[in-house]
Amino acid sequence: MILLQVIVGGLLLGAIYALFSSGLTLIWGMMNFINFAHGEFVMLGMYAAFVMVLWFHAGPLAFIPVAALALVAVGLLVYFGVIRSVMRGPMLAQILSTFGLALLLRYLAFWIFSANFVSLPPTALRGTLRIGGILIDVPQLVGGTTAAALTIAMHLFLTRTRAGSQLLAVAEDRAAAMLMGIRPDRMQALAWAIAAGSAGIAGALIAITYPFSPSIGEVFGLTAFVVVTFGGFGSVPGALIAGLLIGLIQALSAFYLGPIYKDIAVYALFIAVLWVRPQGLMGKA
Amino acid sequence: MRGNRLARLLLLAGALMAAPLAQAADAVKIGILWPLTGNAAAAGQAAKAAAEVAQDIVNNAHPELKGIPLADTAGLPNMGGAKLELVFVDHQGNPSLAQQLALRLITQDKVHVLFGAYQSSCSFTSTAVAERYGIPFVIGDSAASNLTGRGFKWLFRVTPIATDFAEAYMRFFDDMKKQGKSIRSIAIVNENTDYGTSVGDAIEAAAKKNNMPVAIRIPYSASSSDVSAQVLQLRDKQPDVVIFISYTSDSILYMRTMRNLDYVPPMVLGDDSGFSDPSFIPAVGDIAQGVMNRSSWDIGKPGSTTYKINEMYKAKTGRDLDDTSARNLQGMLALADALNRAGSTEPEKIQKALRETDLKPEQIMMGYRGVKYDETGQNVLASTYLIQLKGKQYEPVWPEKAATTPIQWPMQTAKH
Amino acid sequence: MRNASRAAFGWLALAAGAIVYPLVLPGAFYIDVGTTLLLAAATAAAWNIIGGYAGQVSVGHAMFFGAGAYLPLLVYKLWQWPPIAGLPFGIVVSLVLAVLVGMPTFRLQGHYFSMATIAVAELIRLVVATAEPLGAAIGLQGPAVGRGVWDLTFRSGLPYYYLFLALLAMVLATSWWLQRSRLGFYLRSLRASERAARSLGVPVRRCKLLALMLSAAFTSAAGSLYAVKTGFVDPESGLGILVSVQMIIVAALGGAGTLFGPVLGALILIPLQTLTNTYFGGEGSGLTYILYGGAILLIARFEPGGLLDLVYRARGLFAKPAPSSEQSRHAA
Amino acid sequence: MLLEASAVTKQFGGFRAVSDASISIDEGEIVGLIGPNGAGKSTMFNCLSGDLPPTSGRIVYDGRDVTRASPEAHARLGIGRTFQVPVTFEDMTILENVMVGAFLRHAGRNAAHAAAMDILEMTGLAPIRDRPARSLGTPGRKRLEIARVLATRPRLLLLDEALAGLNANEIASAIQLVRAIHARGITLIVVEHVMEVIMSLAQRVLVFNQGRVIASGAARDVVQDAEVIRAYLGQTQWIAAAPAAAVP
């Protein structure tokens, strides 16, 4: 029973990992671009939710979409302001730009909101469910399932809709896509909007349960890297599976080996996977 | 040619850096090293506000603060009313930067005393600089036991250290057992950076010495976003007291997760830090009723000196003074007392005055038995209260003479 | 050969400037800032060997820096040796690490190497943070008060300054030699295209491994000097990801894959850091990092090839690139 | 026999790019490799140069089994190659590009420099040797690739469409260059679309179709071969004229 409890907790957290990592994997796979500021997008999503609650006493149904929209705007701003010109440069300039961006965003939040930890007051989502002997926190349950559903929705959007397949076409072969009349610029902007928006939603979902401060993005950023490489660059289903798997590994190793070993377990496994299957779980060879 | 231009640029940069370091006459300069950005920024910022309150108390006449030395006069009387001037620097939690800034404070800003540095890592490196230059360094907060005991002559620490806390806990458990409470075993849950590790180690050692079984010790990383596995382990081991040595987000997370997993041990004892963070009570006050915490600080009743100090702090920050910042405030006040007695800004005189410090309980704002340094520079009269969360605030419950309300044990009777 | 002599003159002027700097600005603080700058330049130049010339972007160089920083304090803790005696051990450990990391990951290309290095460095940091003999989270200390000259605990920062200057000179001399040597040519060719390089007989994996080992050894030596000077190391300051990132930023800002780039990057970044921290750090408003991050972002946005490019463009040095043929974004 | 490939097969998943192909090359020959797009010529090249190990079959060079040897080992043994789409080292100068090749036989910088200058003279690149490679257009890049691989002192040179995309003048000078290379005693295998070039250069021609060698022999004879014509059916227009169609 305890084992089941541990597994459920790990999977629910893993689903949220999957959601914010899927945005990163999209950009990575599509543009071969590492965004070091992705964790900061998640952090901004948390503060967007915080502001909504503080000023408008908004509930989750209001602050989650607002966080998504706010981050879509941030994503577009970042794409058109910085990324579009940097992506043609060397890889190092890309790393440099998003790292500078990460510092800038983190400390803008610091400047505005101070370094203090904040947490959202209890929302309509509260309480604990007892299902067959295990206890599940309602916000966590809603957060995890929403995140999983949105990740799957993103996958469906990419594979089943016109805009999505155009986006993938650009990822596959930019030149060929241009010949087909697709404008890569718009598709890449769309990818950034989706990536930042999903990070924003993930942030808002996490904010319901967890206290946060401006420096929290670092943790999520690193987690997202591992999830993305694990799942395979550019693969949203890969990110989903890897996210769930990492949530699970963390929970199990924290329980059986002790919490300080949970990240060790994740990195060790990650390195092992790179060794055996460098393209990741679902990546193309 | 390229080199020439760069050299010139460098010189220019140097000149610019030198600009703000102009001297103000007659003031006693205290260089304060804190993490004002980075992961520990919240603590550094709070401590900065506390230091400014201490500066206000010393520099301006505050006759309403009874008992506090130097409160009723403006400035340091023995030095012709000289004011305290604080020079804050941000070491960002980086030990190498702390070293560099200590150098800057000593050689550029010409401060007379150093104060800091929160993270033990930064205290290690910056105190070594002060030692080399023969400038007194007062540690306001860092609790790692091995900071003192390095043979340093210029190091003074007002705050109690990890071993003090650990012994206080053991005495508390003894008292409780005498009152018939059952404490068969304890659990130690500590975050795994220097703070949690050193306090956790000290408690484990003290428990061993006192034959108190440790059912389980769980070190964890404070950046965890899920702690249910740890809570389940605790539930499994059924300790009578769980001691948490945690930072802010993780202490809140633990309380929430314990609630969600329907687990309430007979007693939760927080080791200050996260449990004292002003965010803690608003976030989980309703579900953490009865949680105990270590603190040397008690706001006290309206009208009391401590209450008034808290009001000063609150006017500045909008928050209550927490224990960590209060210990820094006390450190500053104790330092000011020594500076006044030194009557001079000569390092040797300040050092001598610090050594001769002997503050009585009624002269201090904290729950220490006084301030008096041993040969290693450690305040041997530092001690702590235990407080318990009742309603919207913590109330002192131990030791008995400091208690304002009886202890509630187990913490929550409804469940369990 | 006008350019060559001009470059030589520039280097001489720079070296002279570096040597007399402590005499011009003798304050202990300025010397320490200078030492920090030299350390940043030396680590970035060491990183540049693998990350710049060979184009293999390691985001895990903290593991070498950390090995270099830990070993001196470890030999002091275990056997009370003078910390500097740990320097060669640090290099040995770093070389072993380089081989362990390089052998498998150089099969991988592009971002995989970056990710693998991040992961290994983080893994090492986490393991060290739990390892009691290595001081766990609390870290290791050197002798607080020197027992003899070999403990290198100088009251003045001047000896450290020149030690770091000597290290930087060694790294730069090695880089200069490398640029002109077969290995250097091979690294630059495989950065452009491994496939084409192999078709010309370039043993790509061996070259990358050699470059990584060279880079690791110098990074480790820098870490050792850092630990001797600071007298303290803990997992965050020795092995944290920011240690790796700083090397990349300094090198990339100045111009990766060039001899002078890392030095230029340090000359700009460290004074920028110091100035922002001096002026705005005490307020603790975070303005330090807003300016710092903003500056990095702007440089990456408008000078993606690094600032050295700007210098070259401004001087029109393109007409006849020096033999070193610094990487440049030519508009032709 | 300098090079002998027997029953070489290269399989990509379910697709056989090269199927049971056998070829043998004598020292001093110029052999043309022709065939329609996707016939497996480039894949065969990649097998011969070590870029792709064949799925099955055996390749012997100068009495040595090199089937699974690495590309760099091939280069050391004296098998050089160019790429269909030229891959130059963009950030390096033309001279430095060629020096990378020269370093294979000369460890020292000065020797490599001298050897590279030699090649640059021969290929006519000497006057622009200090320009960065990225400043070159496609014909220049192709020439640079040839220069670079010549600097490795190959005995056998595999040229993959070295002439595609050149105009008439450039083709003429490229043909001259190939002859000069041959005159140095280097054996050549040339993949080429431009039939005239093959006709004027190659002593012997191998025709690839669908991964197989469907014909071989003297150039004139092979062009008459019925199977060859069938293979090229619908593509006759470019057999005849072979304009610069492949130029982007």
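Letters are used for the chains, namely A, B, C and D, taken in the order the chains are written, and counting of residues starts over at 1 for each.
Methods note: a contact is a pair of C-beta atoms (placed from the backbone, for glycine too) under 8 Å apart; a residue touches a chain by one contact, two chains touch by 3 or more.
Keep in mind that what you see is a predicted model, and the values were worked out from it rather than measured.
Least step count on the touch graph, subunit C to subunit D: 1.
Chain pairs A-C and A-B differ in how many C-beta pairs they share in contact, with the greater number at A-C. Averaging C-alpha coordinates per chain places the centre of subunit A 31 Å away from that of subunit C. Centre-to-centre separation between subunit B and subunit C, using Cα means, comes to 36 Å. Averaged C-alpha coordinates put the centre of subunit B at 74 Å from the centre of subunit D. Annotation for subunit D: no residues touch two or more other chains. Taken residue by residue, subunit B touches two or more other chains at 37, 41, 44-45, 192, 219, whereas all remaining positions touch fewer. For subunit A, residues that reach two or more other chains under the stated contact definition are 107, 110, 115, 260, 263.
Pairwise chain contacts present here: A-B, A-C, B-C, C-D [touch as defined]. Residues 49, 51, 70-72, 74-76, 80-81, 83, 87-93, 96-97, 99-101, 103-104, 107, 109, 112, 130-132, 134-135, 148-149, 151-152 of subunit D are the ones touching subunit C in the complex. Contacts from subunit A toward subunit B in the complex involve residues 2, 5-6, 9-10, 13, 107, 110, 114-119, 121, 128, 135-137, 140, 206, 209-213, 215-216, 219, 247, 250-252, 254-255, 258-260, 262-263. Contact residues on subunit B toward subunit A in their complex (touch as defined above): 37-39, 41-42, 44-45, 192, 218-221, 223-230, 232-233, 236, 248-249, 252-253, 256-257, 259-262, 277-279, 282-283. Touching subunit B in their complex are the following residues of subunit C: 6, 9-17, 21, 24-25, 27-30, 32-33, 36, 129-130, 136-139, 141, 144-145, 153, 155, 157, 226, 230-234, 236-237, 260, 264, 267, 271, 274-275, 277-279, 281-284, 286, 288-289, 311. Taken in their complex, subunit C has these residues touching subunit D: 180-182, 185-186, 188-189, 191-193, 195-204, 257, 320-321, 325, 327-328, 330, 332.
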